[in-house]
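Got a structure here, written out as structure tokens. Questions coming.
Every chain is named by a letter (A, B, C and D) in the order it is written, and numbering of its residues begins at 1.
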């Protein structure tokens, strides 16, 4: 990717998983060229777990929407645009799509300051028994590096968020593996989502140099090994990983900046408050209106503290057989973050294995630059 | 109640609905005289809806615990101590009991400053068809006034929180009413909880002079009519309302203060931040350690905005047939409040009909006075 | 419709809400002409309640599948084919589509015996405040008569099943009605599904002469008023009712027969056993293989007994705030019916207001005729 | 136990987990001597999974009820009476208790025919890391043999049902094991229930000679290894296994008989129909009234077929992240069995690892002898 890229980002609300009327309106208004869309990060209103068909429903709607613009079939869109749908809008969270469009910038537009850039890459498809193991870690690390090149980022320090969409094990995949004599990392479909996210996150951290090496035994076992910038979502609708790198580079013509922090636990809103003050010069309380005005989105991971405690007090998320812990965690962290920025259409994704410290998670913020 | 009352408040964690080992430890340490306990507000880990048996389980455990101290049967304890169990510890919320004990104070102990006082009263039992109607509104208003007298509060402005426990309609009660020719306000057990809470809250507001009159047609219909200090929980285990008034009076010997505010919507943490600064002189960020040290508990109501929007963005809580909206709301608001005070064992109760503005809710804070 | 119609019925399993590979295989094999499809009754694997997006996902997949065959847009397919998706495959139930195709029969093919015929009709769109009221009852009754004519059925006794798909109230519709000054029958989205189903079922019974008149006050209140042949499903994806009449007529060239019975309660498998013996000459135990061979599908309604009892014993379905009663009922009745016919891909639909007696429901069976 | 035992069995409905008014009525009527109660098998109305507190609530109520009769503390009752509470009354299932009382019989009462006998035994408490492993298998096998001796059964062929209540891993137990350097079989609390049930069932089969040996690697992996008479429920409220053996012996003075069969899959009602005809001489359809009259209870296990199929058709129970598969399975099998015997207060328990073939499960029937 040449340095003179220009990235546009739109946060578009929707009335249901397949509602793209807001996107169509942007296209109709001439604000968005659908041919320049390279990635979509959606929050859809399903349960975010194994049988969340709203993710597939939304992705399918995007395929049908983009196909005529890209002059390909609906099925082929998946190979052209990174469609990452994260299920679960518990609590106050509001379903929406974050749409990244990338196009060439005129030389005059490029700035010497660091500005938002985006890159995308895919791994190969994985065999069921590779999920949650080193094969997935290593392939993800390679894809992150490819996506950095695609974004025009040279220094890993300029990467602020890496979104990975990764597969899960369905009952059918587990059966297939068993019949071929291979042992999957788990036979439980829900549990497999955690393995796939964890291995993918370790791949991100490896690529960004957040740690030097990963041992297979560390996956889902060594909580001290984590990426501060990885966000991984598992979905039933794909067989390989899709990687989106969000960062900054000088020479971009984008009118956005991005920064990141890490919530140390599920109620650590103060880390986000500090980031807003220190990186964007905005105080969440005093500048509440400016924050609401300029915020494009927060991108965050949430999970129930695996030790069963938040600040020494017991939580009940992991013992709840009626509501999965990922749903609890999104609802709680969604409330925390929404109270900081005054907005509920946030990308809060569940299951933060090796994504931030145990019980915490990475948070990135994309803001528009006021002078634009 | 004579003015020279001394109120102690303890927030006690538990390992399950019936775990009173923490309470026993306070008794064993001589810090709590079980005969002085007049009210318990528990957060138990059930679903907080119709079939939440953890409330009854916890209340029963309290009855068996207190009976020998009160020299009565377990069943008789209900008539002696106000046991209010609110189900639902979604998200980060941590199950616990807030125990109020009241005893006489020595003359030397009493202070001229306003300090925490507590009062309790009961209504008569209601017929199924009275729930959610004026009969419940009016009986509750009378009970609030009785509880104020019991607390030694003369000015309604000194009341900061009124906790009501009220009945719901079970299938059996609906059938009984139908057989007797009476029409209940709803035949849906879950929905009846809202009617009972709403009518009770209007009774509180009436007693406190927050509005001059209530019309039966306003119940659950006129969202502009609300109390800023009512908190109502419906439970399967009782047939009348129990009312606990929390406020302040001069001449009390308590070492606690109480204040209240209103969250305007589910993410309005800023109102709580302001209350901490203005009423207790503590900044949630700068004084985080002091806040955590001195906080006894936040008492709050949460609900899904009935209009389907939070700050103009759609939420999905009211259309979710897998998780009731009260559960979503507790998880979200629990996250918001925990991020303000750095503690998760908070009393966040769901279903805020006429308790605060639509989508928002009252929040009271009990803090220990540092000089003690 | 001329009498010489020929109806084909296929029960097609699917791997997910949008999986039409089985249908494509029938088309590829020359067994099904997609242009002749007039109705599809699907069981999809969502929760069957308000936020079940699998119904819309499946219907959308059908639209994209049929559009090129019908030479119209995907959106226009809804006006050409009756797509009825019923959510919820709890317990052993298996997701599938029942596809009805209708074409002209050669004169030589027509038989003088009664054979399966199908007819379809639509009502106009309803205003939110018309749902669950007489407007919906009456419009449905008219549509049933229109569908009978379309099927070539003259005698209402020859109608064995009437499937209605009807709208529900979303939060948005309730708000819209309120803003226009109109009062909807309920403000609860889940509850509105029952009102819409109930009013539609009464419309069916009225059209079939099962009772002479309906009073608006009877809707959801008078359980003695019911149709033995109505099956109504509410869905978020439409604004009017779609009606499919299944019955028999002489002169049809179909190779199927249909019959119906009524389960008196949720465990009344014996009524279905008797129907198999008396109407199809098959004993469920002795002829188990023949039953499995010839069965096309059972079409049934299920509900939790509104009185809270099954054969004098208490059930807990109506007090369960974790799982909606319709889900419980489908799981239980699905088990009962599957144990009778030895097959789990059955059309068991929840919410049987005025569809069979309280707690029971209509069951129709479509069997292939062995001589064909 | 001398051969001249007399066993009484009562199936008692309840209005809630702690409602023992029906039991009290039996005592008041002189029909049940509470001092003779040796075992209670309850179906309570919780979710039957990790956070089902209704089991503990019911057991606690039984402890408080029995303590004065047994002249011990409530806590000591657990060591005196086998209290097995199985959560989950999905679908039509009705909450109830099956109460076994055993007393000495006069010589004249004893019969030479085989009649119902009951025996009880306990294992030692298990360390967290022993659950789901050979230690639990072997200790259970020993306890089964001890319970057979207690029941006066010499031939394993006379054992028709073995109920085991076994522990599960809570988050706290997993943490404790990790801190002591021991690895538990799973870190997932819900999954641990399956491991504990599976190991216990293999212990039963070993004791009854249903297979000659068990290898630790077979636990939860070799579905061909199963007991046709084991029923295991996991609960949070105990640390060792409790074993209840139900069988027949000559010389008993009981007025009941017991038999068992195996459902080959979740819809195999026909096996139960055959058992009723062959073992009790009752046809489920023709003798429906006699069946309802004489039935004491069916005791059955249910599970979602681990292969994802029932009779070659896909089920969705294992991919459902909203409702656990054990809940689906109880609802479906409860419907199947209730339709056979015309009664819904049945003991259908979820999670049938190594209890019957994969997807199927053991079913025992206790019937009163008409001549009594």
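Some points to look at:
Methods note: a residue touches a chain if its C-beta (ideal position, glycine included) is under 8 Å from a C-beta of that chain, and two chains touch if they have at least 3 such contacts.
The shown structure was predicted, so the numbers you read here are calculated from the model rather than taken from an experiment.
Using the average of C-alpha coordinates as each chain's centre, C ends up farthest from chain B. More inter-chain C-beta contacts link the pair A-B than the other of B-D and A-B.
Distance from the chain B centre to the chain C centre is 46 Å, each centre being the mean of its Cα atoms. Computed from the mean C-alpha positions, the centre of chain A lies at a distance of 39 Å from the centre of chain B. Counting partner chains per residue, chain B has residues 15, 45, 47, 51, 172, 316, 322 touching two or more of them. Looking at the complex, you find that chain B touches chain D at residues 15-18, 45-46, 51, 53-54, 56-57, 60-61, 64, 74, 172, 322. Contact residues on chain A toward chain B in their complex (touch as defined above): 13, 15, 45, 47, 89-96, 266-270, 273, 285, 288, 310-311, 313-317, 322-323, 327-329, 331-336, 338-340, 342-345. Put simply, chain A touches chain D in their complex at residues 47, 49-52, 170-172, 175, 188-191, 307-308, 316, 318-322, 324.
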